[in-house]
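What follows is a single structure, written as structure tokens, with notes after it.
When the chains are written out, they are named A, B and C in that same order, and each has its own residue count from 1.
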Amino acid sequence: MSKLANIYVFSDKPSRIRDLIGVATPLGDKVTAIVIGAQPEAQAAAAAGAATIIAIPSQEGVIVEDYAPSIAEAIRGAGAAGLVLLAAGKRGKCLAAKLGAALRAAVVNEASAISLDGGLAVSHMVYGGLANATETISSPLAVVTVASGALEAAPCQAVAGAEIRQGVFVPPAHPIRLVKREAKAGQAVDLAASRRVVCVGRGFAKKEDLSLAGDLASAIGGDVGCSRPIAEGEGWMEREVYVGVSGVMLNADIYIALGVSGQIQHMVGANGSKTIIAVNKDKNAPIFNFADYGIVGDLYKVVPALVAALK
Amino acid sequence: MDFQLSEEQTLIRNMVHEFVEQHVRPMADEIDRNHRFPEESIAPMAELGLFGFNLPEQYGGSGIDSVAYAVASEEMAKVSASHAMIMGSQCTLTTPILVKYASDEIKERIIPKMIAGEALGCFCLTEPGAGCDAASQRTSAVRQGDSYVLNGSKMWITNAPQSKIFIVFAMTDFNKGVKGISAFLVERGAPGAEGLSTGHPEEKMGMGASHTTEVVLKNVVVPAANRLGAEGQGFKIAMETLDGGRGGGAAMATGLAQAALDSTVAYTKERVQFGRPIAANQGVQWMIADMATRIECARLMTHRAAAAKDSGLPCTKESAMAKLYATETAMYVTEKAVQLHGGLGYTRAFAVERLMREAKLTEIFEGTSEIQRIVIAGQVLR
Amino acid sequence: MNIIACCKIVPEDQDIAVKPDRTLDLSKAEPKISQYDLNAIEAAIQIKEQSGNANVVALSAGAAKTLGNSKIRKDILSRGVDSLTLVADDSLEGRLPADTASVLAAAARKTGFDLILCGEGSGDIYAQQVGILLGEMLGVASINGVSRITAGDGTVLVERTLEDEIETLELALPAVVSVTADINTPRIPSLKTILAAGKKPTVTETLDGIGYQAPAPVAAMTSVKAPEQSDRKKKIIDGDSDADIKAFIESIRPELTA
């Protein structure tokens, strides 16, 4: 099938606009970026490669999710057919569903593939990463969220003289009041963009020992991630850095798992790595079935030796 | 005839499974190795109602269902037999005696606390000179006005260091032999009970986390109202309680055996020697078939004895047979499991080493295998 | 306050097998309550415990042959809810989120509610949108990603832990809130709640009974396949003696210095 006529891109995070446009470009004839704000925001989208931009005026105290009616209106005005791409964060997923309801469009979160062969079809993981499901879209419009690095993004040139249109703010029927917002202490790294990742699993006995993983990461010039229990059970690391079906999907060159058992829900996030290395004291840990290199041993013994050897 | 568990029994099994996987498995090896009583498990176990099995709802219990208890005990023992012991001492050996024989005042005061895990109880029958021959009690209870004065010492008492509630068997009349034994409730900390003390935990082969100690009674004064049942009824109370307890022991043994089999199945499919998994050898397969068959039989006997008990049918023979067969199965299966794990089976790398040590106890406590055979023969030859 | 906690019955993923042609064999997978919906149920009963006077209805839509399983119904009821409403119809098997949300919306309208809680996504298709779709279809406020809820007077305060910020929002009731897995640790049902489950009321609705009208389909699931296993080298060193560690380091050094 030929390209889609229209693709709309919206990102609640400025950092994702370029890669969403890069994903959109090979799929559509015309890519329209929707931004909240005025000239500076529109220019940033143009610099990232958008030829057409719809700028919705920013409102005091309105959360991004409450721009859904405005974004829907902008898309409706532009034809409401084709594809809407959003960044797959919590905000993006909330918006996606709100747009889907408003525009009677199919919604797919965290796409693992978008295909145009024989109609628009979008794949995503199901059953905890055990399988990929493909949904063939029958609505004129589909709303899809995409995680950082999950889909190939074409390089995009800045567009000089992009067409900038003025959108309108449509107030939500049931506005949500923002009471308080705080930045999280210590910005987490974007692991999806890391080339080398050292991953902490429950094989670590206590939080203080995580410095071992940090030492290894600095020795190889990489970042530290973890399995879900380390972030959600123990709370030793940020939730943004756990790897897996409900966490980050890696695209790294090297992934080193320390004391990670290698359950499927975790491995689907790690399998995108080119080389997988595992340290685990249990010979039968599933991780060894997914590894290129491994050692059956105590991470407390292996890691310091590894760090020393790499220095 | 339907061999299925009821929906509730299945949900109870799932509940215990969830609890042991979440809460107990991470500590199971550590508590055994360090002989540490898992204090932190008591409140969550109570919250789930695991001390309220087979107790009337009016006291906060769950009502009678011995099959459900057997299912729970099996599930618990798969991960930590010590936890199953702690639960058993409470649910089968102590609270049922109070429910049946204590005054209303005692029941209302104590049973809710036992169900809530605020008071643990222990069953004090065995003495240095009264093991299998439980009737040859030396502990004395002498009536003085409205009280009894207890003197003597008990051995091998599960949960004793942690207990507030002691069910003590003692002689009220040495001339009457078995008919001279009576049962008493001694509450640690009550006035008059200053002379009750517990010793150091025995250094056991297994079940390290369930503490077993001596209980010494020196001029312990208990109100006559704390006598459970009539004077002379003690031995009957002890024996009927052990009848019930046996079901729990059988279930625990079944759980130990099942855990050992599960580990063996996984290991023998994985371990490659002579170019193929060891499970591909017929000799190994036959061992596994025997292990699985015996476990199946043990479980059926255990559930049948429990079901007979709940229907009010005679179950002395059935309970004894289930206890005998299940515990000997646990020993048989865990020994084979260690064998099939090879050298690793003889290390702490796999739980089968601990399971084998735990299985041995089941053949000894709550009536040794020999005593079960005596009971069974007595019933059969009647 | 009337709270509805939505819960889906999904196959136990541990028991799903991958067939040689990479399709899935679900035949051995027992039905269970979707993991994240347990968080929604727990959140509902915690609100009830805090506010004292709330009624919690569990709502599940699905195939009649699944929801007809009385063990699974007792399982839901043993989790602390006051009653269970089922929309059971075999045509609901394998429906996509837009359909599911419209069924739940019709059922919720009939039951009445102040607050609806959903999990962040189901254990089977994990579409992560039913809560928001439901809110939009019902024409009430809705939000996702909620890691704390405090019920107020006619409102709820919710905390969302987002990728780089934490925000507190106030939603006017009625509202639909999707909660995250770390909002709570769902309690394990107790012996008592299991035994009481069979005595709690269950209402079984039909699609006609709730006035359900199927929306025009927006998508169809055309294939479900396990990903191809990428071939890994599997060079595993069995042991951590100094010599083993040295061999391990030497084996991976070329990768690390590449």
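Everything that follows uses one rule, which is that a residue touches a chain if its C-beta (ideal position, glycine included) is under 8 Å from a C-beta of that chain, and two chains touch if they have at least 3 such contacts.
Everything numeric in this text was worked out from a predicted model, so none of it was measured.
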{"item": "Chain located farthest away, centre of chain C as origin (C-alpha)", "value": "B"}
{"item": "Per-chain CA centroid nearest to the all-protein CA mean", "value": "C"}
{"item": "Euclidean distance of C-alpha centroids - chain A vs chain B, Å", "value": "53"}
{"item": "Averaged-CA centre spacing for the pair chain C and chain B, given as whole angstrom", "value": "39"}
{"item": "Centroid distance [mean C-alpha coordinates] between chain C and chain A, Å", "value": "21"}
{"item": "In the complex with chain B, residue positions of chain C that touch it", "value": "70-71, 74-75, 78, 188-192, 194-195, 197-198"}
{"item": "Sites on chain B touched by chain C in the complex", "value": "7-8, 10-12, 14-15, 18-19, 22, 47-50, 52-53, 62-63, 68"}
{"item": "Touching residues on chain A, where the partner in the complex is chain C", "value": "13, 63, 65, 89-91, 93-94, 96-98, 100-102, 104-110, 121, 124-128, 130-139, 142, 173-184, 187-188, 220, 232, 239-240, 245-246, 254, 268, 271, 275-278, 281, 283, 288-298, 301-302, 305-306, 309-310"}
{"item": "Interface residues, chain C side, partner chain A - complex", "value": "11, 13, 16, 18, 22, 24, 96-98, 121, 123-129, 131-133, 136-137, 139-145, 157, 160-172, 175, 181-182, 215-227, 230, 232-240, 242, 244-246, 248-249, 251-253, 255-256"}
